[in-house]
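Here the chain labels run A, B, C, D and E in written order, and each chain numbers its own residues starting at 1.
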Amino acid sequence: MSTEATPNLAGADGAAQAAPELAETGAVVETPFKRFVSEFFESRVAMGALFTLVAIIVAAILAPLITPQDPYDLGQVDIMDGRLPPGSEAFAEYTMVLGSDGAGRDLYSAILYGLRISLAVGITSGLIAIAIGMSVGLLAAYVGGRVEAIIMRIVDLQLSFPAALVALMLVALLGKGIDKIILALVVAQWAYYARTVRGSALVERSKEYVEAAASLGLSHARIMFRHILPNCLAPLIVVGTIQTAHAIALEATLSFLGVGLPQTEPSLGVLIANGFEYMLSGKYWISVFPGLALLITIVSINLVGDQLRDVLNPRLKR
Amino acid sequence: MTEQASSSVPLIEIQGVSKRFVKRLDFAGKLARRLGAGLEEETVHAVDGVDLSIAQGEVVGLVGESGCGKSTLGRMVAGIMPPSDGAVLYKGRDIASLSGDDKLEATFAVQMIFQDPFSSLNPRMRVEDIVGEAPVVHGLVSGNGKSDYVDEILTKVGLDPALKRRYPHQFSGGQRQRIGIARALAVKPKFLVCDEAIAALDVSIQAQVINLFMDLREEFDLTYLFISHDLSVVEHISERVVIMYLGRVVEAAQAEALFAAPNHPYARALLSEVPRLDQRKRDFQPIKGEIPSPLDPPPGCHFHPRCPQAFEACSSARPMLKTIAPDRISACHLND
Amino acid sequence: MTAVDETMENPEIQRDDETAPTLVVENLKTHFFTRIGAVKAVDDVSFSVKTGEILGLAGESGSGKSITGFSILGLIDPPGRVVSGAIRFKGEDLVTATPERLQDLRGNRIAMIFQDPMMTLNPVLRIDTQMIEAIQAHRKMDKKAARQRAYDALEMTGIPSPGERLNAYPHQLSGGMRQRVAIAIAFLNEPDLIIADEPTTALDVTIQAQILHEAQALCKRTGTAMIWITHDLAVVAGLADRIAVMYAGRIVETGVTDDVIDKPLHPYSVGLLGSVPSANKRGERLNQIPGMTPNLIGLPPGCAFKARCPRASDQCDATPEVSELLPGRKIRCHHPHFEEAAQ
Amino acid sequence: MSEFMIRRFFQSAIVILAMSAIVFFGVNVVGDPVDMLINPEADQADIEATIRALGLDRPIGEQYLFFLKGIWVGDFGKSFIFGQPALQLILQRMPATMELAFAALFLSIIIGIPLGLFAGLKPESKVSKGIMASSIMGFSLPTFWVGLMMIIIFAVELGWLPSTGRGDTATFLGITSSLFTLDGLSHVCLPAFNLALLKISLVVRLTRAGTREAVHQDYIKFARAKGLSNRRIVGVHLLKNILIPVVTVIGLEFGSLIAFSVVTETIFAWPGMGKLLIESILVLDRPVIVAYLMIIVALFVFINLVVDIVYSLLDPRVRLRDQGA
Amino acid sequence: MRNVTTSVGCACAAVALMAGLATSVSAESLTIGISAEATSVDPHFHNLTPNNQIATHIFGGLVNQDSKQTMLPGLAVSWKPIDDLTWEFKLREGVKFHDGTDFNADDVVCSFTRAPDVPNSPSSFGTYTKGKTVVKVDDMTVHIKTETPYPVMVNDVSLIHIVSNEKGCSGTTEQFNNGDVTVGTGPYKFVSYTPGEKIVLTGNPDYWGDKPVFSDVTLRPIKSSPSRVAALLAGDVDMIDGVPTADLATLKKNDDLQISEGVSNRVIYLHLDHFRDDSPFVKAKDGGPIKNPLRDAKVRKAISMAISREAIAERVMEGQAIPAGQLLPDGFFGVSENLKPMEYDAKGAKALLTEAGYPDGFQLRIHGPNDRYINDAKIAEAIAQMLTRVGVQTDVETMPRSVYFKRASRGSPEGLPEFSFVLVGWGAGSGEASSPLRALLHTYDKDRGFGASNRGRYSNAEVDKLIEEALATVDDAKRQDLLAKATEIAIEDGGIIPLHYQVNAWAAKKGISYRARTDEQTRAYDVFKE
């Protein structure tokens, strides 16, 4: 049971030694964050993606200020404006740069408002799912034994059940509404996080710093949340970005299946699902623009996530 | 506890301590066995009935190869792992029976220095938090006093306090090990368990850390249990040496006596096979065989399959530790 | 001067002079080009190994000893590469050799043994697969014959019941056993040179002794030259014919084992040897080298050991050249412990 | 192994039982199937007769016990709208879904692994970056949208492939499948690709990640030091190691293929069980929903088992034991 | 690596080309992509439009409904009431079942016996056979007796398909599905039924009426509308039904296609909460409680006036709707000639609201399904827009019908209709106004089977009286007047607010045309070659 000396002294990879040695000379004082930032921006693609994402989020937040129409106010939406091609003039005398959808919503406004909802749904469900999955996964890894076995069986059961189906059932059960969609997405996702966190927490738990903390008489809660948790965040962030993107796409699919968000306050997914029926009609803009918006959003989230994965994965560190 | 009592009672006493890691069969496993799957509960006797007492101020070296249970023993002493059997006594009181302040005192008194300077420091914490967290949490120092306190400790272990805002990865292996020592010192321990504490370090840094240990011992009147596979280090630093093989103590004696004339055949083999600078172009004559799995140790004397002097009794009866000379015990049938 | 004469008369060196060296490394430079600058992992390294000779390449972590080994085999991955210098293996320059030629030599004429036996064998392939493929990669031999050869090689390393081991997966073997397999693989094609990169570091003392024993015996028997890379001077002291000490990418001292260990010339060698506990008096402070290994990026010119060296002077700001102070003893230092050695 | 099997068996039984309760009570909260079934012109008496006939007048607990009793003898109840045993309805449509899922799995492996391998071996090359970028697209767009796009492009505009439906079937080795006829293959191309899209991306990413990690492993370096050819290093040493996680994930994702087939089957009018499920949900055909979900759970349990066995075959380090804790 | 992908692509393409060559289209074959799939081939299992439309191919009733739901002689050549309680049907001579056996009165009697009593049928045909006794008079004559005068006898009889006494009457649903007993007298013979995939039929050359045009007919369910359209465009099917409104304009412009449109018997309308003073989804302007304004006839009229039916028909339905002023479109039995669609008049609506005491309007929520009627959710949204414009601030909640109908009918805690303002549709299967009047506008009366779908609980004694009288009047002219009168009163009173009649569209390849049917069925028999 004793861990014998396995000094990993002469690294085969010479550069692996470079970073710490650089630091120890005091020549460069990099906090992990600074180093993370500089490594992150090594990829121009990732940088572009991050800026796009920030721009999208800012545009979504500022939507009421930069759009000609509040697409959720039925008093401002007129079906007589329906299905106008891009560049048409609306009744209310503004230009619909991206055209309008079947109900007469200005697509540009609807896309920005829709982004708000999609991002809110994706991020909120992600955060809640992370919070739940994180605690559960951490608990499983830390306590072990029977608790872990039970938790992991539940996780397995949940994972073996396709997320789309879980969401579908729940929404069918609970009805529509943002809160319900979020709940459905949380239920569909938490297990991924639980599994991820448990995996890395198991590794962390076996590390000596946890034993050290225990021998210093620190409480279990403190060890779990202050010591182990911060070290499990990297994979969580990576899974989180990808799952968030996935949640947004999933929400679109649910809308397509008729169990998504309300018709009158369309998310991007609802816009796409609604525009779907126009795809063969030549009125491409109703589906294509929201689709592009979704694509750009998800691609940039994923590119950011990918870069995060590469930067945060110590095994790929050069 | 009076001064008098503490001088007569050993600081740490280990009484018949065993540690078993059992993989139990669950319901399904039992059923499978009933159906003839030939499953057994697997028990690893990591530590098997070890007695050891360490007096205040002593440096004890614990030597052995992989699987001999020396790290497990160290962890039990440090209170990280509870023993399956037996008791670990701190100043004559069973640690397991303590509670409240007494327990905290015992917890602080025995600290551990770990092998891996990478994994033993939390990579997401700054040095000042690594060192200062426990004292602040337990009220040894106030939150305001933390900074000064950390400075003081870092200085003692030979680190520049100016570096305390850094993270572990910004330090070299030797510096990291110093941080680990500072963390332990921060709770004012009486006893340090050093588990291969220098094994991962370069030779030149090893020397620095060994020197540090010796300096600290003088300054704080520390007691050490020095666990290592490296005999030359143990020989250098320890007053008394305990040799373990597959969970059992095979020989224990004052360092000089032991290194001069090891009694147990395993101790002899071990000592002779350590590469030494003064042995050139030697013809290595190793003992044969592999170290058996602790899952399934050989009966009788665990060493008998590899022992050049083994005879019948060795494969059946477990040799008891006997005092073969003053302050010297050995577990070998040859001594009968 | 007497010391010089003695060295001259050393029968081993005499013998070496008669045979052409198996490997000659000249002014090898291997650098890694990283985000934060170029790392001169191997910087102007020269040495040679002769047939049947064991060269101990000693140094601490980051000294470039492993990179030197990988450079010889052409196994340096980006962002690293051999920048300049020559690696002459039996007269053939490996730096300029084609990848095909290198692949042909690797595992055939030059073999390597890695540090961590737990990691070097492919966990999902059986031992026989991994041995047979090593044979078949270099010579036409049917599977049965190759297997027999693998069996023989295992037997040679002293593995009990080699037939069973052939059918095993790596995880079924102990660390020592795996290292024996790795050694057997290295010897499979009867190479002229074996580079052993800390092959016993991860092993227990008694197992290490066994491996050292086998390696020594095999080299003696086959006449294979060997470069034994290690951080543990005590290991090479008992094994190597000659020792080269590396520090910060450079070889600071080379010489016959006894000479280097008994009469080190370079202050670093002196310090290193002094740090070993057995060289000190029990219970007393060790003769430590102050400071730390320098960072290889942005290393100032001059002697890399300058900052830690008790003998350093302004002269050390200039990079010391390699000089052959005594026959067979090359050294890179402005202030060698020459006087002490000479006594 | 036997211990493992027994444990699995017990776990599966518990999982399936738990699932049956969740699903049964779950679907009973949604709407009222009678509203979906009855002709609007029917009067109250007709409605009540229907309710009685379907057993919906009894307390839900009683219905559940009755349902459990039925399961014991393999009876999942009769579909409300088809009047046939729910199990039979699903099994009837299972082959179509299975062949679609298998075709998609096949596509994701033969496309995903080579692309992922390439991207992992040459991470800096332009092609690799292209592969990775496309793989993101693969799971960025909703399946239904891509599906219709594919129909528009390949069936409507180019006219290469049929737009919807399942083609002719043939029987080979006792299996009746449309994969054995040309017409059948032409029909399966588009939906299988649509379904596989997400998985291709996943396999590409997994393979790439595995490759990038594996190439830095000592055993790969050792293989190179042995003088092995690149082909052998990549084809045997690398591939066999990265296949382990890939196979595991692919196996586990097989279930999600079946679940996602809900959407694909709807778009491509594929007569599989996914389409049946979505239609059953829309008209609240409870027995079919429950039976479907239970079959899915059983299928998952089975897939997990197969994955674990395959895993142990691929990775000799894993013995099928002690999966419990 | 690229090679692999390319070769996969090639393989697919090759398969495609070969398959393309293999399917040579027979001139006599017809493949129809249908939106709704039959759940069985058993003509007495599950009274559901998709099932009935399959049954009409294979079987057929004593009376047939033509495309305008006019009653035409089917297996009966003539019928007449011989007294208030008895109808006489004369059967067609020389008709043979597909298996060669002769058709006679025994088949009729046994079919009427089987129809209400098929095991596991979720919605039985008992609705149409209830209270009727079928008596064989001779081989070619049957009498149907009732306990009370029953004017809509012929309509009911037309919905019961006649199966063979020898086979069908003792057959199980399963035997119908696998073809064992699937023999009828209809224009098409059964070939095969693959659930979820297709139903294959072959022409019956011995059909007593006009010979079927196509020898091979395949009905393929394609539920997703864009996919159905794509299948037509790709040439995989020859014709589709349920052409989505979104694509209609484009398809009309396509020279390779031919569109058939026809108004249906389905009216889309709004129910309003007539029975609660405190209606759950009506709130005051400020969100506080309010006495239910929907009980005020002026408010109801104002709402009707505020809705531009033209805009809905044109913009939402893209022309596939006709503004409605009553329960059935012109030409159906029982419609009133006096009722016209309410003119859109936003100002008038506002004035009326002010008059009713709601100058600032109030808050309202409209509930509707999102997967039941053509563009249902969008219609609800358009109405909400329009009402919001006149001050009735309306929001929308749509849901799948599986959830919707239960809540709309009895979703409140007391088991009453849950919503205040609902969007629904009604298709008169019998083709006359008595059907919607009885179900939607008669006072809810569970025991007598009235007002079964009266989700607003509209109650008007006068209307009730007229409906009940009409249902007991066998004389057609008299009944027509009674029904029209009842409709007029109820609509004027705002019992429900009719919006529009759906117009259904079929699209077919050039050379094929479809005679659009008001009952929304798709029948190969109504497909013609040009």
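Throughout what follows, a residue touches a chain if its C-beta (ideal position, glycine included) is under 8 Å from a C-beta of that chain, and two chains touch if they have at least 3 such contacts.
Predicted model only: the values in this text are computed from it and were never measured.
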| item | value |
| --- | --- |
| Set of chains whose contacts include both chain D and chain B | A, C |
| Chains touching both chain D and chain E, listed by label | A |
| Of all other chains, the one whose Cα centre sits farthest from chain E | C |
| Farthest chain relative to chain A (centres taken as mean CA coordinates) | C |
| Distance between the centres, which are taken as Cα means, of chain D and chain A, whole angstrom | 24 |
| Distance between the centres, which are taken as Cα means, of chain C and chain A, whole angstrom | 49 |
| Separation of chain A from chain E, taking each centre as the mean of its C-alpha atoms, in whole Å | 45 |
| Distance between the centres, which are taken as Cα means, of chain E and chain B, whole angstrom | 85 |
| Residues of chain D engaged with two or more neighbouring chains | 30, 148, 152, 156, 218, 221, 266, 281-282, 324-325 |
| Residues of chain C touching at least two other chains | 60-61, 115-116, 204, 231, 292-293 |
| Junction residues of chain A - those touching two or more other chains | 4-9, 12-13, 19, 21, 24, 172, 258, 276, 279-280 |
| Sites on chain E touched by chain A in the complex | 225-226, 229-230, 233, 244, 246-247, 249-250, 311-312, 315-316, 370-371, 377-378, 380-382, 384-385, 388-389, 393-400, 402-403 |
| Residues of chain E that touch chain D when the two form their complex | 1, 4-5, 8, 12-13, 15-20, 22-23, 33, 37, 39-40, 45-48, 118-124, 126-127, 130, 173-174, 177, 194-198, 220-224, 226-228, 230-231, 233-236, 371, 400-407, 409, 426-427, 429-430, 435, 439, 446-447, 449, 452-453 |
| Residues of chain C touching chain B in the complex | 60-61, 174, 176-177, 204-210, 212-213, 216, 231-235, 237-239, 241, 257-258, 261, 271-280, 282-283, 285-290, 292-293 |
| Complex contacts: residues of chain A adjacent to chain B | 1-9, 19-21, 23-24, 29-32, 207-209, 211-218, 222, 227, 230-231 |
| Contact set on chain B toward chain A in their complex | 19, 21, 44, 46, 64-72, 75, 78-80, 104, 107-108, 110-112, 114-116, 119-125, 133-134, 137-138, 166-167, 169-172, 175, 180, 183-184, 187, 195-196, 199-202, 227, 229-230, 294 |
